[in-house]
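Next up: some structures, all given as C-alpha cells.
Okay, so subunit A shows up in both of these, paired with subunit B first and subunit C after.
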Partner chain A sequence: MARRLPGGQTMTTDATAPGTAELARAELEKRFNRLVGTSATNLCTHCGWCIDTCHVYLATGDVRLSPVAKADLIRRHYKRSHDWMSRVFPRWTGARRDLTEDELDDWVEAAYQACTLCERCVVNCPLGVETPQLLAAARGTLTALGKSPEILGQLADAAIAREEHLDMFSGYFLDQIGVLEEEVRDKLGDPTARIPVNEPADILYVPLSGAHTIVPQAVIFNLVEASWTLSMFEASNYAMFIGDIPRAKKIAMRVIAEAERLGVRELVVSECGHAYAAFRWEAPKWFGGPLPFRVRSIVEVLDEYVRDGLLPIDPTVNAEPITYHDPCNLGRKGGVFDEPRRVLAAAALDVREMTPTKAQNFCCGGGGGLVAETDWAEQRLTFGAPKANQIAATGATRVITSCDNCRHQITELGERYDIALTDVVSVSELLMDAVLAAKGPDLQEER
Partner chain B sequence: MTLADDTSVSLTLDLKGLLCPLPVVKMSKAIKELEVGQIVEATATDPGVMADIPAWCRSTGNTLLALDRRDDHFVFRVRRDA
Partner chain C sequence: MTFDTALHFVEYELQIVALTWMAVLYTVKAVQLSRLPMPWEQGPPRGGRAAGTLRGYAGIFMPWTRESSRLHLWRWFEFGAYHVGALVAIVITFTLPFAPGVMTRGVSIACAVLITPALLVGFVRIYRRLARPELRFISSLDDHVSLVSLQSFFFTAVMVLLFDTPGWRMTYFLVVAAFLFYVPFSKISHYVYYFFAHALTGSRYSWRGVSPGVRR
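Right, the complex of A and B next:
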C-alpha cells in the first residue's frame, strides 16, 4: 500500500502483513537498554518543558512535532512491555501493543524527518529524558523494516564497498591526493610539502571526501612539521544515522584498523559532527572499550597549535564579521565549545556570538542525515528558521562551522531566508587563510 | 578511464560546486529517472567523486562507464543497471 507522507514522499509499507508488527516490536526490543528504558517508562512527566526548546516546534508551532509528542510515539510501545502499570492498565497509560501502518509512517516523520537528534531537548529537560535515544531506536527499527531513507543506506554501503574493493579505488584516490599535494605546495611555496598517505606517523588524519577537508589541514600540518598521515578512508559514517550498528561498526573499523596498523598515537577527525561522535564515543561503546589511541577533532588540534604559538597568523585577512555555529555533535554532545572560538579569535577581526549559544545554540536543521535526503529539503529548510534568525541577528556575513552537514544546510538557509552571507566555511579554512596571509611573499625564503 | 564520445547519454547532470555527499545524493536520485540500460553523464568539481562515485556504483549495482578529470572538473558516466 502506497501512502503519501507529510513531507510529500511516497512510501510503500505493509504493516498489516502477518508478522510485521511483531518484527517491529522485536527490533524495538533489541534496542532497549538502561538509557532508553529510563526515558521510555516513568521518567517523563509530560511537563512540556521540552516543547519550545525544539527548533522543529519553534519553526512550525506543531505540537505533534514537539519532543514529548515524538517520544510518546515510541515510548508507548516500550511501556507496554517494560512498565508494570502499563502492562496492567494499558488504557490508563496509553501503552500500545499493536503497531499499525499509519504508526510506522508517523515514526518515519518523527524519527527522521522532524528530528535531527540534536539533543537540545535533553539539556533542557529537568529530568534528562533522552528523547533522541528513543527516536534513534525507532530509526534502527525502521531500518530493519526497510523503511529508512534509501540514500542513507546507499552512502553506508558505498563506504563499505570502498574498503572491500580498495585496490580498485586506491588508484583514483592517490591520483587525486597527488593533485592536492601540488596545491598545498603552491600555497606554501614549498616544493617539499607533502600529503603522506598510509604511512607510519603520530597522527592519522581522517578527512571527508572533499578537498576542503584535506588541503587546509595539510597546509597547517606541513607548517608545524607534524608527524601525520592521511587516511585512505573518509570519516563519515552514514550507518549511524539509520541506527544500523553492524554497518556502522564496519565503517568505523576500516579506520580503526588502519590506525592500529600504522601505530599512530592519535586519530584526528575532520570537521564533521557525526564522524567525531562515531570515533569519540560511539566506537568505544560498539567495540566494548576505549580505542588504543587518542581521538580528537581537528579543531582541538588547531586550537593547540594556535595556543602553542606554532602558527603565524594575520587576522586582518578575515576582516568580515563572522559567527560560529556549534555543530550539535561537537558542541552540545562533545563539549567542544571553546576550542573553535579561540582559533577564530586569533584568526579573525570581528567575531560575533549567536544568541543563545554553545549548549543552547540551535541545531541548523540539517543534522541527523537530513541533508542527504533531498525529498525532505523543504521541511529541513523550514525547520532551520530558528538558526536562520540567530545568524541574521548577528549581522555576520560569514558563518564558520565544524561540520559539513551544517555547512550545506546553512548555505541553503542563507538563500532561503535572504541572509547576506558571503560564504560558510570551516575553522580550518579560515585559519589557513590567516596563516598564509601572515607568511606572505617571504614564505619561500624562510623555508 | 576516459570518456568515449560516441556513448549515448540520456541525462546530463551539473554537480559543480557540490560537496560530499551531495554528488552521490543527486546521482542516486537522478538515475531513478532513467530506464535500465540508459546512461547519465555528470560533471562535478569535488575531487571526492573520484572515490565516491565508483564506490557507490559498486554497492548499488550500477556501472561506471567512464571517469575523467578535465582541468578543474570531473566528468563521469554511469549506466543504470539496477
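Right, the complex of A and C next:
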C-alpha cells in the first residue's frame, strides 16, 4: 500500500523485504509452462461458472475464496509480465506489478488454506482454466520465499531423514512389523502368514504410517499367496504439497530405488491420494519417463483379486449402509472410479452413491496437505460442509474412502456436523472384514 | 474523399488490415504458447491424447457432463445463444464484403435472427456483471469494455443485416475494424486459448483414464 508523504513522495508501507518481490516474480516465472501460461492470461473470461463449483465458496459464500478470485491473485502477476495489454495498461485488466507482504499473505490463504487443488473447478470450467495449476505455482513460489506452512516442510524433511538414517529407524520398524505380523497370523489363524520386508518379490507394497495401512493388506496378500514385500518407507510425499520438486523427488526416489533393488514388477501404493499421484504421474514427470515397473493403487489390486475370484467374501458382515468417497487424486485426477465400487459391491450389502459422484464428487476439504496443518483445522472443517451434507443425504452410517487424509477429515466432519457415522474406513479394511467373515468357519476349525 | 470511397476503404482495405493484424497477433500468441515447456504426462497411458482432446472440445456441447451447466441449464443456453450469435457475426464480416452474393435477403434475416438473441443475452450479461456482487468483485475494466464492444458489434451487425443502408454499413465496418484491433488485447481472445486449454487438459485426463472413461 503506497502512502503519500508531504512533498509528493510516496512510501510503501507494507512492501515486501528487499528482493522478495523480485524473488517471487522469478519463482513464478520458473513455473510458467504451457499449462500455466494458457490459464494465466486471457483464457478466463470471468464468467463466474466456477464460483459455485468450489466447496470452499459453497461453505463460506466468500467470493474472495472462489476459484476465479484465487486464480486472479496469481494471474494478475503473470498478466503483468506476459499479457500485452496488461504490460501497457495494467489497471485495464487488473494486472499487478507490486507484491506486498499483505498480498503474499493472501497467496498463502488462497493457495494453501482455501484450496485443496481438487480440480473440481477445472472439470466444470467451460474454457478449461487450470486454476489449481496457478495455485500450485503460487505454492512453489511461497515455498521458495519461506512462506509455506512449516509443518508440510517438516514432514517432508522427516521422510528424507528416515532414508538418511535408515539404520536408526529400521530396528524399531522391523520390531513393529513383527507385532503386526502376529496380528495378521491371529486374524488368519495361520502361523505361517508373513509380512515380508526388504525381500525380492513381484509387488512392493508401500504403506502409510499406521497399522490400518499394513494389516488388512497383509491379510489379503497372504490369502491370495501374492509375491509381495513391504516397503521400508511410507508412501506419503509432503514436499509435493508445497511444490518443492527437488525434495519431492528425493522422497519418491527412496521407494523407486528400493523397488529397483528388489526387482519388483509392480509398486502398489497404499490407500493415499497424493501418494498415488506422486508415483503414478508426478514421478514419471520428475524423472523424465515411465518408471521401470507398474504403479497401481492397492484398490486396483484388490479389485483384480475380487474379480478373479481369489478371495472368499461374506458381505453380510458389512450390512450397514455405506457410501464411498472418491478421493480427488484417485478419482477426478486419476480415473479410479469403478475399482473401489466393484470391491464394495462385493464386500457390502447396502452401498449408496453420493450426489454428485465420481468426477463431480466434492472434495472432503482436507486435501492438498490441509489435514496436516492443525492451525487451520477450523477452516478445514468449515470447508468440508458440502461433503458433510453429501454424506448425510445418503443416510449411510459408514463412509469408505481410499485416502488417509480424506478418512481423517471425514471422521472429524462426522463429529462436527453431527452425522451418525459408525466409522470411516478404507476399502482394504472393509474387504478384510468380509474376507475374514467368509473364512470364519475355517478359522474356527483351525483354532 | 467521398462517402462512397470512404465506405469502400472501410469495407475492404481497412477490414483486410484489421484481419491481418488480428491474425498476426493470434499467430504470435499461439507461437509463444507453443514454445513454452509442457509437462506432458510421462506415465503409462490409460487412454489416448486425441480422444481426450476431442472430449475436451466436445464438453461444452454436453451440458449434462458438467455440474456448472447441468445445474444452470438456462445459463448454458444463454452461453450457446451468445456464442452462436458471435460466430454468425464473425462470419458476416467476411461474407458481407467478400461474398455479397451469399447475403440474400433471406440469409440476412436469418443471420439477424441468430445474432439478436446474443444481443439480448449481452444485455443480461452486462446487468449481471453490474448487479451480482460476486461478478462485480471478479470483474476488471476489460470485462466491461469487452462486453460493451461485443454489444456494439452485435447491434450494428443486426442493423446492417436488416437495414442495409450505406450509413449502417459504414458504422458496422468501423465497429468491426475497431473490434478486430482490440480483440487480441482483451479477454475476447479467450477462444484462441480455449483450443490450447482443452487440448492440454483433455489429453491429461484421457491419458490417466479419467475422461473419456476407460473400462478396466
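Convention: the second predicted complex is superposed on the first by the 426 of 447 C-alpha atoms of A that agree within 3 Å, B and C clash if a C-alpha of one lies under 4 Å from a C-alpha of the other, contacts with A are read in each partner's own complex, and residues count from 1 in each chain.
Operating definition for what follows: a residue touches a chain if its C-beta (ideal position, glycine included) is under 8 Å from a C-beta of that chain, and two chains touch if they have at least 3 such contacts.
These figures come from a predicted structure and were not determined experimentally.
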item	value
Touching partner for A:Cys118 - first (subunit B), second (subunit C), both, neither	neither
Which of subunit B and subunit C A:Gln176 touches, first, second, both or neither	first
Partner chain(s) touched by A:Ala385 [first = subunit B, second = subunit C, both, neither]	neither
Partner chain(s) touched by A:Ile410 [first = subunit B, second = subunit C, both, neither]	neither
Subunit B versus subunit C as contact partner of A:Ile400, first or second or both or neither	neither
Comparing the two partners subunit B and subunit C, which touches a greater set of residues in subunit A	C
Contacts of A:Asn42 with subunit B and subunit C, given as first, second, both or neither	second
Which of subunit B and subunit C A:Val56 touches, first, second, both or neither	neither
Subunit A-touching residues of subunit C, taken from the complex the two chains share	25, 32-34, 36-44, 46-47, 56, 59-60, 66-69, 72, 75, 79, 132-135, 137-143, 145-146, 184-187, 189-190, 192-194, 196-198, 200-202, 205, 208-211, 213-216
Complex interface listing, subunit B residues touching subunit A	19-22, 24-26, 28-29, 46-52, 54-56, 58-60, 67, 69
Residues of subunit A that touch subunit B when the two form their complex	150-151, 154-155, 157-162, 165, 168-169, 172-173, 175-176, 179-180, 208-212, 234, 236, 238, 371-372, 374, 404, 407-408
Subunit C contact footprint on subunit A (complex, rising order)	32-35, 37-39, 41-53, 63-64, 66, 68-69, 72, 84-85, 91-94, 122-130, 280-281, 283-285, 287-291, 294-295, 300, 332-335, 337-339, 356, 359-360
